[in-house]
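Shared between the two complexes below is chain A, which pairs with chain B and chain C, respectively.
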Partner chain A sequence: MSDERGPLSALLSDEPRVVTAGVGLFADALAAQGITPVRTDWRPPAGAGDALDRIARDERVTDANATAVGRLQSARPHLVDVRLARDAIDGFEDGMLLHAGPPIEWADASGPLRGAIMGALLYEGWADEPEAAGAMVERGDVHLAPCHEHGAVGPMAGVVSPSMPVYVLHDAEHDVTAFCTQNEGLGKVLRYGAFGRQVIDRLHWMDRTLAPLTRTALRSHGPIDVRSLIVQALQMGDEGHNRNRAGSSLFVREIAGELVEVEAAARDIADVLRFINGNDHFFLNLVMPAAKVAADAARDIPGSTMVVAMARNGTEFGIQCSGTGDRWFTGPAGVPDGLFLSGYGPDDANPDIGDSTITETAGFGGFAMAAAPAIVRFVGGEVGDALRYTMSMYEITLAEHAAYQIPILGFRGTPVGIDATRVVRAGIVPAVNTGIAGREPGTGQVGAGLVEPPMGCFVAAARALADQVVMP
Partner chain B sequence: MTTHIEVRRGSYHDSVTLLQVSQDVAAVDGVDDAIVAMATELNLAVLADLGFDRVDLGDATPNDMIIALRTADDEALRSALGAMERSLSASSRSTSGGDFQAPPPRTVGVAARSTDTNLAMISVPGEYAFVEAMDALRAGLHVMLFSDNVPVEQEVALKREGARRGLLVMGPDCGTAIVGNVGLGFANVVRPGPVGMVAASGTGAQQVCCLLDEADVGLRHVLGVGGRDLSAEVGAASTLQALAALDADPATELIVIVSKPPDPEVADRVRNAARQCDTPVLLGFVGRDQLDLTAVADAAAERVDHPITNHRRWDPSVIPSPAVGELRGLFSGGTLCDEAMVIASAALGPVRSNIPLEPDWALDGDDADGHVMIDYGEDTMTRGRPHPMIDHSLRLNSLRREAQRPGSHVVLLDVVLGHGADADPAGALAPAVAGARRVAADRGDRLAVVVSLCGTRDDPQDRDRQAAALADAGATVHLSNAGAARDAVRLVSGDNR
Partner chain C sequence: MSDERGPLSALLSDEPRVVTAGVGLFADALAAQGITPVRTDWRPPAGAGDALDRIARDERVTDANATAVGRLQSARPHLVDVRLARDAIDGFEDGMLLHAGPPIEWADASGPLRGAIMGALLYEGWADEPEAAGAMVERGDVHLAPCHEHGAVGPMAGVVSPSMPVYVLHDAEHDVTAFCTQNEGLGKVLRYGAFGRQVIDRLHWMDRTLAPLTRTALRSHGPIDVRSLIVQALQMGDEGHNRNRAGSSLFVREIAGELVEVEAAARDIADVLRFINGNDHFFLNLVMPAAKVAADAARDIPGSTMVVAMARNGTEFGIQCSGTGDRWFTGPAGVPDGLFLSGYGPDDANPDIGDSTITETAGFGGFAMAAAPAIVRFVGGEVGDALRYTMSMYEITLAEHAAYQIPILGFRGTPVGIDATRVVRAGIVPAVNTGIAGREPGTGQVGAGLVEPPMGCFVAAARALADQVVMP
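Take a look at the complex of A and B:
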């Protein structure tokens, strides 16, 4: 026999090493012969069986997905600038507001999204009273558009108005740019639907002080490699979605020198440093656009079943797939399960909201839960549960991330590249960490926890992918 | 109303832990407000909102923990503080990752990615089998696809994908394979040896294996290909691949191909391929006007110089008298049923069946006059039900019904042993055979029972004990299915010999 024996010759000259799916009896029979098989916990798909059949016929899928997940991982997003949204974002017309999640009308908008829109109108000076917001949007004076359709992402309500400063992240590898506002802190903040005086004042402080100082410091520092900060943060107990304490600290270390050198009042510089120090989520608004850059690099690969966006608008949970362009597949947003701030309970919780699920889309957040065991306590879980969350995500993803690693799993790469068809087949939806917004406009944050995306949107995506299958 | 405010300096807990602690404390009866938190600006503001006086906190910093409680009375406060301590200590109790077990993979492709495997044994319901099998191939695994009810175009697609990757697709509807002495699916325990087999029939392969093993002829590999592999649509895709692989295997000295008669063009292709092989190939096309499985086994044994003189049988203590009447075949193996029908119909005329030899011999329901043979392992009979090699209940019912039918009759049963099959088939069937014979005898009729026992000496069920139990119940037991069928025909024809 030649050395280049084919796989079949190899099978016939070795003992078989078997994976079983289906009848347990046959696995038992193998075990009785001393061949311990790898047993799958197989179960029927969650739906769209005929669509899965069609997709399995499409010979492009394997390569398309390899390309998609390769691009997702090879993106090197750098923070390159801080600019006003109206200047940075193409097509950001006056009278337009961006929001989190799939498209939505005012009539369907939940409390926190309405509250954030009200706040944005007050902040821009387009309205004097929050109550005016509904009529203005319904009349068409104010036009709503998803962040995702403008290269942006926004946490929670995700409302971006033209005068808000945004981070500009750029990936030279795939020439992709993404935007995100600066993080306002916790508690009563616009992104959680609060719009009181202090909220608007803080936003003004951000555009007058925080943004110019960070912009100047950044320009003198030069582009910051956000991916490498995320790599470090994951090894320091962050998962990049609900816990960004390490990442926020790393960012301060990176920028502090240049910040101190900015020609500004020492009080302003100190305010900026204290603001960042007092906000464990400061880094969230950098990891989100970093994830967006990576996910956008993987868009529009024909045949790819990989998810490139997961986002919620407080009413619906929507996903987009690489092979189906800008089409959204939506289902009702679930209500998160978690811990509530004092004075609030489950009845105060709004359905899931925000673009922050871009972190899970890019292979961290809930998918890196094993790196941040503290997070599982949001739902009364234990360390083992954190490991389980991450381990079960390998079931629905295409690869292990080349850069993002989890120390406790032997530095195994995080599960990355959600395959919509694997979600449906395994019956496992992506693990998502999230903040919880109050149901009533103006409330703000009421808690934090975990939430399950609706399986229906993955089933719908599978059907759409099946419709454009290329048969051999 | 009791208010309690306490600052614990330098006592750090993360905010998630403290949220949990606060909730635990708030759940205590008589607690109106409870905040256990680090003294950050945000938390101090919350305290102020709830009416706790900031002055009490002194110069607390974000590294200090504050405990602020408002309770109905002092007793509630004591309970609350107790609950807080318990919750705090529970939160820091070590819950090591050591007791963590990774959940098992749910799909074959994912399992293959994280383990060193080379073969997927898939037995999921047929409607889901294609996706799983394709996943296995794309993960670089050979596939044994036990599942039936898989459309033929899916079979073609799987085999095309397999061929492109140099991977073998055994099935769909592949009941039996033996790879490197490991039985997959329903497989008898055979000794290793020089014969390689390519089989488009699971029970056909098992029958030939058992007859060869009894003659001390060992098996190298048995590669199942699925019952449709030699059809015009599938074009012997897997047969040709398996044939080439066995030909290239130096330890295989004789290749036997077992299949129902193939599509004529496909048969030519297989014959041509067989001629090209360096290893001798025995074509065992079984069916009407063809060889039977026993003849294939005999020819194979002959070729490796172990000629078989007679096939093993076990007779009951009282030799059964002929039972002129109708012949009933109750089979779990499709090929065994088919072979018995070929033999019976040649002697007795039409045999009605759910897998009829002639279209107009098709059975309507499972009851009819005349000679009837039923394959209980056929696709439509196994939807949502275990295979009759595992679950005898349908055949036990039929046996009871036969006993009730007036007149004398002959019942022909197959019993298949080996891995995957029921652990003790005679345990269920022997009492039923004895009971049925008694019911007929009490009526003054005769019920003769002939068993085709497909098993080897080394099968886990202890074949000889199984045979003895069936013979003790009054059945004549044959290792050769063709032999059993001929015996049944003799009995039903009233031939005393």
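Take a look at the complex of A and C:
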């Protein structure tokens, strides 16, 4: 035994006091530790217990959930195109903006959402300066609608305006399509509520250079199987929400050959490659619509208590369930806690915002943190926390993902298919990691961390689902 | 508690019977399991105990080893150029070939080394067909020398001929330079002993297209910090020896922008990017010389028992230690056991071959398998084995690497600096994972797996080092 072992030396020099079995039980030991659940002091409200029991005993619910979680896993979203939002998204008329989360009015919008909306108006040329932009929306000259209601998802503020290019992802198995803008990078960017000149200029470079070049390269390459890239990335230390370094790298590798052969200035192609190389989150805007495709494939299964959307608009956190159609169940968005960028602290944090919780909805992101222990250097906490979050999520999900695996857990599938009734019964809310936006419009990103969804929206959803179940 | 938990359910529904502390002790639990050491039934030979005790008590040895392992860690190898071997490597005259491992003559060479040598002669145009090539070497018309004796390292057969392009890596801190050829991909490739037309054609494409383009891009980019890429790759599921998917991806990202701006046909640039994208082992030939630079920085510290080279020529496994200069200590190369490509089995496996064990020498590769649990799908075994190998290596090493960290072990530094005397005292040989070459010349790769180095060479080295220590 050497002297370098430090705090482990006593443990190692003693007989192992822990595990009598061999290394094969490694996953069990993880489980034994990881299971320390993320329980709140929540108890189901009086009467809710009956409703939950009614659902739990109903075979039609069990069957509906099996169908829903099956569809969620069998979707194979492919990146098929890059188009302007106005051309790609049905019913996207001028004067309309999409945003993250459940529906919200300007009066209730938080700083970063307001900032992003103002920035989008500047970008579109609908307004010349931020105040005028705000006034326009206040007057009702601009129509706000949730991304989720138009087949789209947007990280953080999630604002999509008609001239923004969007990725088009399609799943042939279930004939579902979803959309997402291209990722701008970190720091002062529109999705975090910044709207300065640099932000607007970057957006124009994206629609003039990044989008056309990636579109042309993609058409030459053919559809890209995003699920397959996520499978690989989960074996390379990504969890797909706040750690996308591997996915971004794999995407560059996949497309670089065709990108080079686009008939464009070498300088522009090089700029595109350097832009992606400078942004480890580039792949986020591809995994989000991939998750949206999978979740939408599982919508509208009567009786299913499975969550098909979790999204935040910076004021409220909302969910939709498969068995309850387009109805939102909402609660107040929590304020994330985590690591802050230099010069910022908890007082600067806006409440939770963004559609990126579609990743957790589809069985990765916070649910796959065990695959990405290095993420704790970005969102805070210890490596053990990353394992604990994943292990806890098996308590509230319907299945282990058939394709998304976690090597360190012996290639166990990720926990997938959040059952709203299990959330309520277990008192465990979904694990979510997230970027943190500054609460003042124009600030941009101030950090990244973890946040708890409000239990109330799961209770309301469970109640509504229970009401649907008529006992024989 | 849901029903999906399968074999873990009993464990989870019981009180955790294992760990009384919280998640903070995760690394300890790993240690407690992982420590089950990879001990052979080895016992030090009679008399060796005295010699080992003499070394263990000598402060000069301790100091020398601290210096050696410090230099090993402080080296910062940068990729600075791509040149032809004849121009880059001092004393590389015509008619000479470098090869992996300790010195060897043609008569003792195994199939894959013979195959690679014949292929190199065909590639150089020194011979027109394989039999003639073999006869030339047999006649002594070709001089064989170990890569290691010319500042180079080569994977598998490791054959370097004068016209092959090599990466040039340099460390300014210790003024050390090392060389390695560019990676050819997997399957039927020269380094695995294949020498068909396709192999030779690919080598010519590499010297005519791959090398000039990467050289020009690199000169435009400026030196690339390979250590920094390894640091990241270890957080992305690579261990740097047989899993280099992340490193290869990061390298593409790093160089792609400059590659695009090289004045060359778009088709050639695209071919280079697609070639790299098709080869997850591309980065191996950059980590090997990076490891060689670090190990060479630690050479020639009088009294140091630290290993500075481990290498195999397909017949013998050899080591060099810091305190014993250029002297090789050798033993018979073992036959790797692992997973075989379709159509091949254990009977087709050649004994262990290649300089790639320089990665383990420098504190990653097999020593960092805990960072790369997914590698068991390539080399065989269970995820627990990957953790066990890393934990065992802390028993025979001098330090935990200051830069190379393993997230799942709470960012613990990798075990680095093999102490030949600890190997002998602990009865634990270094963990090595490796590609497996077919034993017949011309076959190519047949699999990948794990192999045990022979204990004898560590005993011989320890004895030689003990003999140097004169007691006061």
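Keep in mind that, in the parts below, the second predicted complex is superposed on the first by the 419 of 472 C-alpha atoms of A that agree within 3 Å, B and C clash if a C-alpha of one lies under 4 Å from a C-alpha of the other, contacts with A are read in each partner's own complex, and residues count from 1 in each chain.
Going forward, contacts are C-beta pairs under 8 Å (C-beta built on N, C-alpha and C of every residue); 3 or more make two chains touch, one makes a residue touch a chain.
Quick caveat, the model's predicted, so the values are computed rather than measured.
S.K.: Let me test your reading of the model: by the given contact rule, A:L52 touches which partner, first (chain B), second (chain C), both or neither?
M.R.: In the superposition, A:L52 contacts chain B only.
S.K.: For A:R422, is the partner it touches chain B (first), chain C (second), both, or none of the two (neither)?
M.R.: In the superposition, A:R422 touches chain B and chain C alike.
S.K.: Between chain B (first) and chain C (second), which, if any, makes contact with A:A256: first, second, both or neither?
M.R.: The second partner, chain C, only.
S.K.: Would you check which partner chain A:F411 touches, where first means chain B only, second means chain C only, and both and neither mean what they say?
M.R.: So A:F411 only meets chain C here.
S.K.: Is A:R388 in contact with chain B, with chain C, with both, or with neither (first, second, both, neither)?
M.R.: Touch partners of A:R388: chain B and chain C.
S.K.: Considering only touches as defined above, state whether A:I276 meets chain B (first), chain C (second), both or neither.
M.R.: A:I276: touches chain C, not chain B.
S.K.: Overlap of the chain B and chain C footprints on chain A, residue-wise?
M.R.: Of chain A, residues 1, 7-8, 11-12, 16-19, 22-23, 25-27, 29-30, 32-33, 35, 374, 377, 382-384, 387-388, 394-395, 408, 422 contact chain B in one complex and chain C in the other.
S.K.: Residue numbers of chain A touching chain B in their complex, please.
M.R.: 1, 6-23, 25-27, 29-30, 32-33, 35, 37-45, 49, 52-53, 56-57, 62, 185-187, 278, 339-343, 374-375, 377-378, 380, 382-384, 387-388, 391-392, 394-395, 408, 422, 425-428, 447-448, 472
S.K.: Using the touch definition up top, name the residues of chain C that touch chain A in the complex.
M.R.: 1-2, 4-5, 7-8, 11-12, 16-19, 22-36, 232, 235-238, 245-246, 248-250, 252-254, 256-261, 266-267, 269-271, 273-274, 276-277, 373-374, 376, 382-385, 387-388, 394-395, 397-400, 407-411, 422
S.K.: Okay, in this complex, where on chain B does chain A touch?
M.R.: Chain B reaches chain A through residues 14, 16-17, 19-20, 22-23, 26, 33-35, 40-42, 45-46, 49-50, 91, 95-97, 99-100, 102-108, 110-112, 114-125, 127-128, 130-132, 134-136, 138, 140-142, 146-147, 154, 157, 160, 165-168, 179-185, 221, 241-242, 245-246, 248-250, 390, 419-420, 460.
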